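Next, two complexes with subunit A in common: one pairs it with subunit B, the other with subunit C.
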Partner chain A sequence: MLPELGHAAIVVGLALSAYATIAFVLGARRGDRAVLASARRAIYASFGLAALAAVTMVVLLLTHDFSVLYVARNNATTTPPFFSVISLWAALEGSILFWTLLLTGWASLVIWRHRAGHVALLPWAGATLAAISAFFFAVMTWPGNPFTRVTPVATEGPGPNALLQNHPFMGLHPPLLYLGYTGLAVPFAFGIAALITRRTDEEWLGIVRRWTLLPWIFLTLGITAGAWWSYAVLGWGGYWAWDPVENAALLPWLTATAFIHSSMVAERRGSLRIWTSALVIATFCLTLLGTFLTRSGVIASVHSFTQSSIGPWFLAAIAVALTGSLGLLVWRLPALVGSERPAAPVSRESAFLLNNVLFLGITFAVLFGTLYPLAVEALSGDTVSVGAPWFDRVNAPLFLLLLFLMGVGPALPWGAASWRSVRDRLGLPIVAGVAGVVAGLAIGMRDAAPLATIGLALFVVAILGDELLRGTSSRARTRGEPAPAAAWRLATRNRRRYGGYLVHAGICVMAVAISVSATQGQDATATLRPGQNMRVAGYTLTYQRLVQEPLRDDPQVIETRAEVGISGRQTGSLATALRSYPSSSTPIATPSVQTSLGEDLYVTLLSYDPATSTVTLHALVNPLVVWIWLGGGVVGIGAIFAIWPDRRRATAPAPAPVPVASAGATPPRREPIPETAAPSVRAEEA
Partner chain B sequence: MPRTYAFPLALGALLALAGLLVVVALRPASAPSREEVARQIAGDLRCPDCQGLSVADSNSGSAVEIRRQIEEQLTAGRSPDEVRQSFVDRYGEWILLSPTAPLAWLLPALVLLAAVGALTVWIWRARRTRERAGGSADPPVTELDRARVREEAEALDA
Partner chain C sequence: MNVRALRWLLVPLVVVPLVLLLLHGFGRDPQAIPSRLIGKPMPEFRLVTLDGRTVTSAELRGKPVLLNFWASWCIPACVDEHAVMLEAARSYGSAVQIVGVLYQDTPDGARTFGARYGEPSWPTLLDPDGRLALDFGVTGPPESYFVDARGIVRYKQFGPLTAAVVSDQLGRLLGAAGGRGS
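Let's turn to the complex of A and B:
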């Protein structure tokens, strides 16, 4: 009964999404408010139906109803409730259902939030979102029905994929990632709406910027949480393997980040309209591509748990989205060209443009590396691999250049920079960067990548700190406020700028932690009998005993753990384990990580012999890893700070639209304003 | 410190750093230990029974076995390239985590260079056009710029 209810909800959801698509288009063309209101209600209802279907599935999982194929494959009577609930996204059909829930949720939120405004854009954005929802409902109606029944009904199932039930982070990483993925459909929808209505103006940019930043935050946190999960669960001591599925999450993040930056130029200069539209389109197509790569089984990888017949559906969807939106873009080109105002060679605009070129360069490289083996195999039948050594070598220089720009950008004024102002801003930060490199050399670091990263990160942080100090001191001086209050007020009145700076600071922390941990780690492997010890990077690990017992909250799972005493910079004891799951032929490592601010001691149990209690341990000392997660947190806080609603500005009347003066109409005379006071805290220096 | 001195100081620091780096680079580096060479090779090889991990990173049985063979071959006096080749002979190109085809390395670089080139040309052409029109080479200040400055200044004082 319940499964039929779930499937009925999906079918009705498909009908309503299809109706909403048509109603939005008709309502927009006829200007019929009643039809538009009905389309909006259809979107809300489709969200309700997706929620009904998802709740139904969760109930089926919690009650272990093995008459449903999805439950029979991904659940066991002994699965703890928490892992039963998160099994909603443990495999293909459930993930699509979860995906649809989030997508219709975003659609409803957007439609509801803007129900009263943006009369021209909203119907077309709504139609696009409804069409995308309809696609996902259709996938669940036909090839990926999560409620398919199975007979005969088994009395016990294998439980969720062992890797998924090994760590509670699996309850956090996929929802964050999916929230990011699905949310990026919103800027795409508004991009399509703007192209159709020929309204790629400031109004459009304002909406899209906000609705890109929000999913961007989720995507950033989701990628970081995924790296953390991989580090804590997979047992190889790393957190990023350039696996195709990791790349699939990174690609839309790269283009979305490029959009966030170029939208600032577009907003200030009233240009780059083609480019920004193309970026939101590319971002959405890359999320579809990511789903295709992850879920069609086209690339075998640790994340491709399932293979299914949905591959062709997604390929078709990508083709439609890409050709449709690019066709629309080309069709509208005449309306978009003409307002482009190129930047001065040395200016913040140029820095932003170069930033975009680099982000797109990295996007191309990652996409190329991911698809290259497929292309070679399709063309010549040969199998080749593209892995971490290639991705590291190709991308590291580009990321270092981005880091450099991250510092130079904020130090350059909008408009055109004078040599003197640039020189004054860069001096001390350069000294800070050099000091960082020297310090690295002094402690014996010889690898170029971490040295360069440390130097550039300090350079960036010095520039950001300098910006904050200048603003604070001038505010403190002119308004007589104490420095902390001045700094806080300055930041909260320029949320986007200072939130952005905080994001950059977090990225710097992450960059240093990544490059140092990737190059400066040490490891050792040893086979030990009880009482014997091994050494790694100043630590002594003493193997004490082997314990084998079923897990308390899931007795189907047998855990074998080696208890180890440690001494060195951290002391204490740890237990590193292998777990045998009924659903997995090989035991799953449960590494033990002792974290300190300076380094992690990461111990994996490779193998054991129960007869002699001999174990083989792999111990790694990974410096600074915890700073990757902390830096990710700073990025999240900075981004939330940046988009936090500004009450003061929200209540102020909207500024009168300012016509973009054409270059020819304005006397080409150098004005003093942008030179020294360009929209930065430099106003008071003029 | 007055900011006027900061930049000469920075130039000095950069020069000193360059000198220091040259000294560090010229100092006879100790030859990498056999362990380091073995780890390097293992990092370039794909673990046959994992999905995308290198032999160095994986703890699977075959990765451990390949690490042992690398060690063995190096002890026997083979060069790193010979060791790598022996695995390519056995498993095919697939075992290498970095593709050997020059295209795989050139294409990303060419695309990036083309993009940077296009951006440069775009900026400089616009500059030339403005210069030829008899004005300043820099983009003219518009009402949009002024509005932004006013807005920012108000935000600063609010």
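Let's turn to the complex of A and C:
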């Protein structure tokens, strides 16, 4: 009964999203308010139906109803409730259901938020979102039905994917990523609406500012959480492998980041409008491509779901989305070219343009490396793989240049800059950067990449600090406020600017941590009998004993762990394990990570011999890794600070402010005066 | 030609190569790595069956062998192919030797499966530490290997067996054994 209910919800959801698509278009053309209102209600209802289907699936998983194929393949009677619930996104069909839930959720939220305004844009954005939702409902109605029945009914299943079960982070990483992916449909929808209605001015950019940053935050945190999960679970001691599916998440992140930057210029200066429209299209198409790559079986990776018949559907969707949106862009190109305002060569605009070029360069490099093996195989039949070293080599210089721009950009004024003001701004930060390089050399660092990263990061942080100091002292002087209060007020009156600075500072922290941990780590491998020692980078590891027992909360899973005592900069004991899951042919590593602010001691159990109790351990000392996660947190906090609704502006006549969707509580106009005339800028221009 | 019209070329220039490339990706299964064992002798083993007998690779020589890696939790694929194998066991009789290998599963699971979907007339080997599956390079059940009478691996079936695959492959192996083929 329940599975039929779930599938019925999906079928009705498809009908309603299809109706909403048509009703939005008709309503927009005729200006019929009643039709538009019914289209909006259809969107809300489709969200309700997706939620109903998702809840149904969760109930089926929790009750281990093996008459449903998805449950029979991804659940066992012994699966703990938490992992039963998150099995919703353990495999292909469930993940599409979850995806649809989030997509219709975003669509409902944004349409509800803007229901009273943007009469020209909203119906077309709504139609775009409804069409995308209809596609996902259609996939679940036909090839990817999550509620397919199976006979005969099994009495036991294999349980969820072993990797999914191994770490509670799987309850966090996919939802964050999916929230990011699906949310990026919103700026795309408004971009399409702007192109269709020829309103490619700053109106749509004003609307999507927060609707882009919010999914961007989710995507950023999702990618960081994925790296953290990979580090904590996969047991190879690293956090990023340039795996095709990691790349698939990174690609839309890169273009979305570029979009966030170029849209600031487009909104404020009227330049880079074509870029901005192209970037929002690219971002959405890349999220589709990522979905396709993970769900079609085209590329093998730890993330791949099983091969399925939905691949052709996604390919068709990519073709339609790309053809339609690029065609639209080309059609509107003459108008966009006409409205472009040129940028001065040395200005913040041109720094943004260069930033965009670099982001696109990285995007192309990553896309090329990801698809290259497929292309070679198509053309010559050979099997090749593009390894992490290639990605590192190509992208490292581009990322370093980006880091440099991150510092220079804020130091340049909008419009044309004078060399004197630039020199004045950059002197101290350059000294800071050089000092960082010298300090790195002094402690024995010889690799160019981490030295350059440290130097550039200090350069950027010095510029950002200098900006904050100048603004604070100017405000403290003119208003007579104490410095801390002046700094806080300055930041909260210019959230976008100072939130952005905080994001940049977080990126600097991450960049240093990534380049240092990637190049300065040490490791050792040893086969030990109980009582024997191994040494790595100042630590002594003493292998004590081997323990083999079933997991307490899931007796199907057998854990074999080596207990090890450690002494060195951290002391104590640890246990590193291999777990055998019934659903996995190879045991899953459960590495032990001993974290400190300076370094992680990371120990994996490579193999063991139960007869003699000998084990082979791989121990790595990874410097600064914890700062990657902390930096990611700073990025998240900075971005949240930037989009936090401003109380002063909320008092302006805005349509019914609501706490959840307060993202839209600002008038859709450009950034108010305080930011463009921030004290530091004023001081400089005086 | 109108230069401004050339901009329309941008659309197919981007879309067509990408779609063709991704289209090429279909039909190939990234996990279906061709087995390196084809044309090579089958890995040697000495394993205990579900009912306690010992079977070695050496004693399987002399007849074509269908070696099937399966698990009771592999549903529905292993259930589907179970019917195919029951039928094959009936029709080929003692001309071929079918051997099941239990993959990441408990003997109890296998017995329940047999009681439910039909007791196999062939032996089921227990592979408790997965050594044989590792030697064969099995990535997941079901996976089957067709081995000729001299113990040479001839074909790997990735995924469930179908009646067509079984009759093709066993027909080939029996033909070769009778001196008519190859």
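Assume the second predicted complex is superposed on the first by the 651 of 686 C-alpha atoms of A that agree within 3 Å, B and C clash if a C-alpha of one lies under 4 Å from a C-alpha of the other, contacts with A are read in each partner's own complex, and residues count from 1 in each chain.
In the analysis below, contacts are C-beta pairs under 8 Å (C-beta built on N, C-alpha and C of every residue); 3 or more make two chains touch, one makes a residue touch a chain.
Computed from a prediction, not measured in an experiment: that's the story for all the values here.
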Partner chain(s) touched by A:Ala365 [first = subunit B, second = subunit C, both, neither]: first
Which of subunit B and subunit C A:Leu490 touches, first, second, both or neither: first
Partner touching more residues of subunit A, whether subunit B or subunit C: B
Partner chain in contact with A:His618 - subunit B first, subunit C second, else both or neither: first
Touched partner set for A:Arg552, first subunit B, second subunit C, both or neither: neither
Overlapping contact positions on subunit A, where the subunit C interface meets the subunit B interface: 300
Residues on subunit A engaged by subunit C in the complex (per definition of touch): 66, 69, 72-73, 76, 150, 152, 154-158, 292, 296-300, 304, 307, 311-312, 315, 318-319, 322-323, 326-327, 330, 333-334, 371, 374-375, 377-378, 580, 582-585
Partner subunit B, residues of subunit A touching it in the complex: 235-238, 241-244, 268-270, 300-302, 341-345, 350, 353-354, 357-358, 360-361, 364-365, 368-369, 372, 376, 382-390, 393-394, 398, 414-416, 423-424, 426-431, 434-435, 437-438, 441, 446, 471, 474-475, 478-479, 490, 493-494, 589, 604, 606, 618, 648, 655, 658-661, 663-664, 666-671, 673-674, 677-681, 683-684
Subunit B - residues contacting subunit A, complex: 1, 3-10, 13-14, 16-17, 20, 24, 29, 43-44, 46, 51-54, 57-59, 64, 92-99, 101, 104-105, 107-109, 111-112, 115-116, 119, 122-127, 130, 133-149, 151-153, 155-158
Subunit C residues touching subunit A - in the complex, by the definition given at the top: 4, 7-8, 10-11, 14-15, 18-26, 28-31, 71-76, 79, 103-105, 109, 112, 116-117, 130, 133, 138-140
